[in-house]
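Dropping the structures in below, format is structure tokens.
Shared between the two complexes below is subunit A, which pairs with subunit B and subunit C, respectively.
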Partner chain A sequence: MNAPAQSTAGGASALLEVRDLRKYFPVRGGILNRAVGWVQAVDDIDLDVLPGEVLGIVGESGCGKSTTARLLMHLIRADAGRIVFDGNAVRADDAAGLRELRRQMQMVFQDSYSSLNPRLPIEDTIMFGPKVHGVSSAEARERARELFALVGLDPAQFIRRYPHELSGGQRQRVNIARALALEPRLLILDEAVSALDKSVEAQVLNLLLTLRRELGLTYIFISHDLNVVQYMSDRVLVMYLGKVVEIGPTAEIYQRMQHPYTEALLSAMPSMDPDRRTETPPLVGDPPNPIDPPPGCRFHTRCRFAEDVCRRAEPRLGPAAGEETADGPAAGADHLVACHMRVAASGHSLAPAG
Partner chain B sequence: MTAPAVAEPVVRAEDVAVSFVGRDATVNAVNGVSFTLDPGEVLCILGESGSGKSVTLRALMRLLPFRRARLSGRIEIAGLDVMAMSDRALADLRGTEVGMIFQEPMVAFDPVYTVGRQITETIVRHEGVSQEQARRRALDLLDRVRIPSPERRLRAYPHELSGGMRQRAMIALALSCQPSLLLADEPTTALDATVQIQILLLLRELQREFGMAVIFVTHDVGVAVEIADRIAVMYGGRFVETGPVREIMRNPRHPYTQGLLASTVHSASRGQTLEAIPGSPPDMTRLPPGCAFAPRCRFAEPGCETPPAAIQLSPHHMVRCIRAT
Partner chain C sequence: MTTARTLDSKQQAIVDAAQVAVQSRGYWATVAGRIRDDKVTIVCGLVVLLIVFSAVFADLIALADPYKASMLKRLAEIGAPGYPLGADEMGRDMMTRLLYGGRLSLFMGISPIVIALAIGGTLGLVAGFLGGRVNMLIMRLMDVFYAFPSVLLAVAISGALGAGIGNAIVSLTLVFIPPITRVTESVTTQVRSLDYVEAARASGAGSLTIIRVHVLSNVLGPVFIYATSLISVSIILASGLSFLGLGTEPPEPEWGLMLNTLRQSIYVNPWVAALPGVMIFFTSLSFNLLSDGLRGAMDVRL
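What follows is the complex of A and B.
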């Protein structure tokens, strides 16, 4: 495609702009250890993150959401694609540029224990980043104390403790402090609250929203928990087998979803009302293997609307076509979907006429 | 399915306590749990990590490391005194009267034998039927748990199945001898959302069809609401509140239950600050003598320093909180 890809955020100027990002992992086998297949973990995805927003990324395991996060951080190298941060293109071979990028963009992982050095008091872990970036020890220590207070840990009580002396929720607060130590503008939160108990999860979510307000942060919030994503996000991106299937404002995605997979994912959420239990599962079977995924639309093997065109051609991400529906007008310009049913004259019997 | 002639409870547990004795400290994992479970009833034990929910489940089958664990109280399953049973009798009980499923099916299956061999072996071991009959039963079971092309899956090794398939196969294994009681320890927690709901609906359907009683341990309120008849909320090794699922969801009386429901994110909470419970779950080696929740409770008062008695709000709704009177 040579035409400039359109913005996935409805035209506003983005803090982070990603185009055609791709990562295939080889599956090796045989006596020569050659690649016998490819896991198409992230396959030509586009996304934009606006300054100050929370972009939620949802999808099932193997959909590529964590690989996307690691690609954005340049923890692994992309096979193809363009990443522009704050107007500057980021190149994988530009060490100084990467260093600057990692100062501006930080990540918090799911496992709060393995992301801290078990042999260092947590204060030293937090000072480490700033010192690497040229801040003096005294200043880094001062900053660590401020950060502890900021994430709700009493510095006098906590700074000399080791990671194993903290509870899961406290450790995750330390990880957030560590990520904030370089004063980044964008935080990538990869299942950052998923391992916490519900009562503690709520504390950490409240903290994240307070920090965002006070420090003017931008978040990419990755989770498999649709309730938490809805609570946190301004916009939501839905992934399936390495592809973006739908992206749009949170209310649009949750109330006027356009893609059959989004619909299935949302109706798979357990109901919180004992009188309105789920009666039929929205999908049958497991997600297919991401090694050599199905051709055409990757969801067609589980989609109840699948037709010939879905097996043949891959739908592109674009605004949903269609005129007024019973619920109001079709989706707005900031709501994009990759489904043949939403493309005029695509050949799908349920598509609007061209 | 015919209902059992007598309405004797399937499980009767009285004052069950479990502690793990270590060199440095003793972990008081379960501190006096009493309940009965009727035939065909689904009880969900809802609690956070370390609340003692899984240990309670294992204690019912005495599946605890016998060197370190101290188990006390009375446990009756299908009228049999579990505490007095020999190891041999226990092994017979597990698998015939009682089936178990776990979070991680790879642990339930032996990786070096095929799924089919393990299911048929169980049937032959407990029912003494021929290999051929057992194989036919295994095939039928895989069909019942909706595993596509069951013939082929019987010949598969556990690692060759996907996560959802393995969970289905483990359910088939647990049901192979038509138990009257199924013990389920977070069986859907490791699954994706679209697979989890399939497994929950399958379990609900099989429970009705087989008329089994089920004890289902979970940390997820949403899962409990989908499957439970009755919920027991566990905190600090005790049932702090038990009641029918509607009662617990609509009229929770224990401050912990109220806090847990309020801090669980749901679609209505966007834009509001979540009502988080302050602090973190208790250290089970140093439980306070009274109510274990008191240090985090905004209603705590001096009276909370003595262990709260079980208060029966109605025949089916129990709460352990002095404020409930």
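What follows is the complex of A and C.
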């Protein structure tokens, strides 16, 4: 075990602290159905979530965003890693601890339809969680009514409806109400608004921001929509092929990104200004196969700055040693990046002199 | 900003309310509404009800004793005085025997399905929900049964156990466990991977609670409908076993057995000889169409 990894949030005490989280999925094949390879979905990631903040997680499809969310909820078992919630380490084999964790931490899924039981009136769906945790039916019903009002659905009209009698936006409101029914402190929103059309998406985003302020919630906001993440998040974490490549305050990431992948990702954001349209694709090709990720830096196959050192050694997440710019001082301790170009004397020709 | 957002959600509620002017109806009300528009299903349902009703209350409806033979009335024509549907080769009243025969035929057709539903449903639920090795073990075991054609399997098991109603039911149950297990397993596997089961797990519920509240309600519908469609096959198979002498034994009235004993009289009085077959045909057809109609009506997504 290496020395305790440093905080990814600049030293403040975290609500959720994740260290060396790893999940490899076996690829089975052959007549004996043995594992012939491993999909390295999430590979030794560290992250911290501060109380009250919105941490955005961005990355391409298949970079491990949703796997991370499911690992945090303990819906799938991690191969390695440590998850500390509010100072308490959570172990996968500790049933009582898991139950408590799941009361404090809830998740909203992307597909608003498949995340509601089609045979249950939505009121029963919302009452399910509290009842599992020993709340009486009457009290759970009362709470469901309050939650309906909170997420902007008229209880008198909606409580006995079935999911197929609601629109997509209404269903996602129900899902948010369901997640809030256990009065959690941390909400994981896994592409929670991605399936909604733009006008409804905006309403739900504003609802989420209102709820956060009124209930003092903390969010992990997973999305591939960079504009939405910028709007919602206090800090942003960028993932590539199961690794964290960069993490920092939203403004830092969006204006003074340090990692070439972040740069490419952000330049793919459509511009509102027709004179500033993106003419050349920032990146070509698909991400490499996560079954057999490239050695060294995982991004080197598509990086235009790649050098020998990038193929040999894997860069570690560390403070971004950016130069001072006109906008202000160099990147702070809360802006971390995993790139040889940003580490002094790493062997990369563009690295700052050490 | 706060007011603007609060207003936002209030306005949204009003818009939502206007959008969905249709009042929510419960699930069963929706199903009933759909069935009301489906004439075939209603007719088949009525026929099934009539058959079941007449079988259950056979001793109240029947005019004669099903075992009382009469040499003089052998193979009486349909409509002969005192014999509305004629008489069989022993001169027993056909109508009475058809009514009583419905009892045995339905009993032998439905009870294997009910037992197989309990056993196969449980096996499939366990296999589908647990997955992995348990699934492999149960499903491969079922595949062994699949290796034999169902009629052959039923005949072979019945033959090995010997004739009799009980043995026929056992053999039919064994025939129907594998398909019910397979359907239950596949539906359960599908349901298990849906987000609402994940969400239920994320709220801290145990497996049994999740199965009871979220899995069972979504699996039971399709499996129940599938089992209904098997009843028609089961009635035919049960009659077939009796026809071959592996089910009920004479002089019990049972449609399959009656068909067999009347077979020799087909040239003498074809109408009377065909009657048990007609009963089997209509019963099985009605069950089949009824299950078809229910499948359509109970689909939530339509």
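Following the convention adopted for this analysis, the second predicted complex is superposed on the first by the 346 of 354 C-alpha atoms of A that agree within 3 Å, B and C clash if a C-alpha of one lies under 4 Å from a C-alpha of the other, contacts with A are read in each partner's own complex, and residues count from 1 in each chain.
What we mean here is this: a contact is a pair of C-beta atoms (placed from the backbone, for glycine too) under 8 Å apart; a residue touches a chain by one contact, two chains touch by 3 or more.
It should be emphasised that the depicted structure is a prediction, and the values quoted were computed from it without experimental measurement.
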**Message:** If we overlay the two complexes on their shared chain A, which of subunit B and subunit C does A:178 touch? Say first, second, both or neither.
**Reply:** second
**Request:** Considering only the touch criterion stated at the top, classify A:301 as touching first (subunit B), second (subunit C), both, or neither.
**Result:** neither
**Request:** Check whether A:164 is in contact with subunit B, with subunit C, with both or with neither, and answer first, second, both or neither.
**Result:** second
**Request:** Name the contact category of A:194: first (subunit B only), second (subunit C only), both, or neither.
**Result:** neither
**Asked** Which holds for A:118: it touches subunit B only (first), subunit C only (second), both, or neither?
**Response** second
**Request:** Look at A:104 in the shared chain and tell me whether it touches subunit B only, subunit C only, both, or neither; answer first, second, both or neither.
**Result:** neither
**Request:** Applying the touch criterion given at the start, work out whether A:227 contacts subunit B, subunit C, both or neither, answering first, second, both or neither.
**Result:** first
**Message:** Contact-wise, after the overlay, does A:152 reach subunit B, subunit C, both or neither (first, second, both, neither)?
**Reply:** second
**Asked** Residue overlap on subunit A between the subunit B contact set and the subunit C contact set?
**Response** 167, 170, 203, 206, 209
**Residues on subunit B engaged by subunit A in the complex (per definition of touch)** = 48-49, 148, 162-165, 192-198, 200-201, 219-223, 225-226, 245-246, 249, 259-260, 263-267, 269-270, 273-278, 280-281
**Asked** subunit A touches which residues of subunit C in the complex?
**Response** 2, 5-6, 8-10, 12-13, 16-17, 19-20, 22, 24, 26-27, 194-196, 198-205, 209, 213-214, 217-218, 221, 300-301
**Request:** Provide the residue numbers of subunit A that touch subunit C in the complex, in ascending order.
**Result:** 70, 73, 75, 98-99, 102-103, 106-107, 109, 111, 114-121, 125, 128-129, 132-133, 151-154, 157-158, 160-162, 164-167, 170, 175, 178, 181-182, 203, 206-207, 209-210
**Request:** Would you tell me which residues of subunit A are touching subunit B in their complex?
**Result:** 60-61, 167-170, 197-203, 205-206, 209, 224-228, 230-231, 250, 254, 264-265, 268-275, 277-287, 289
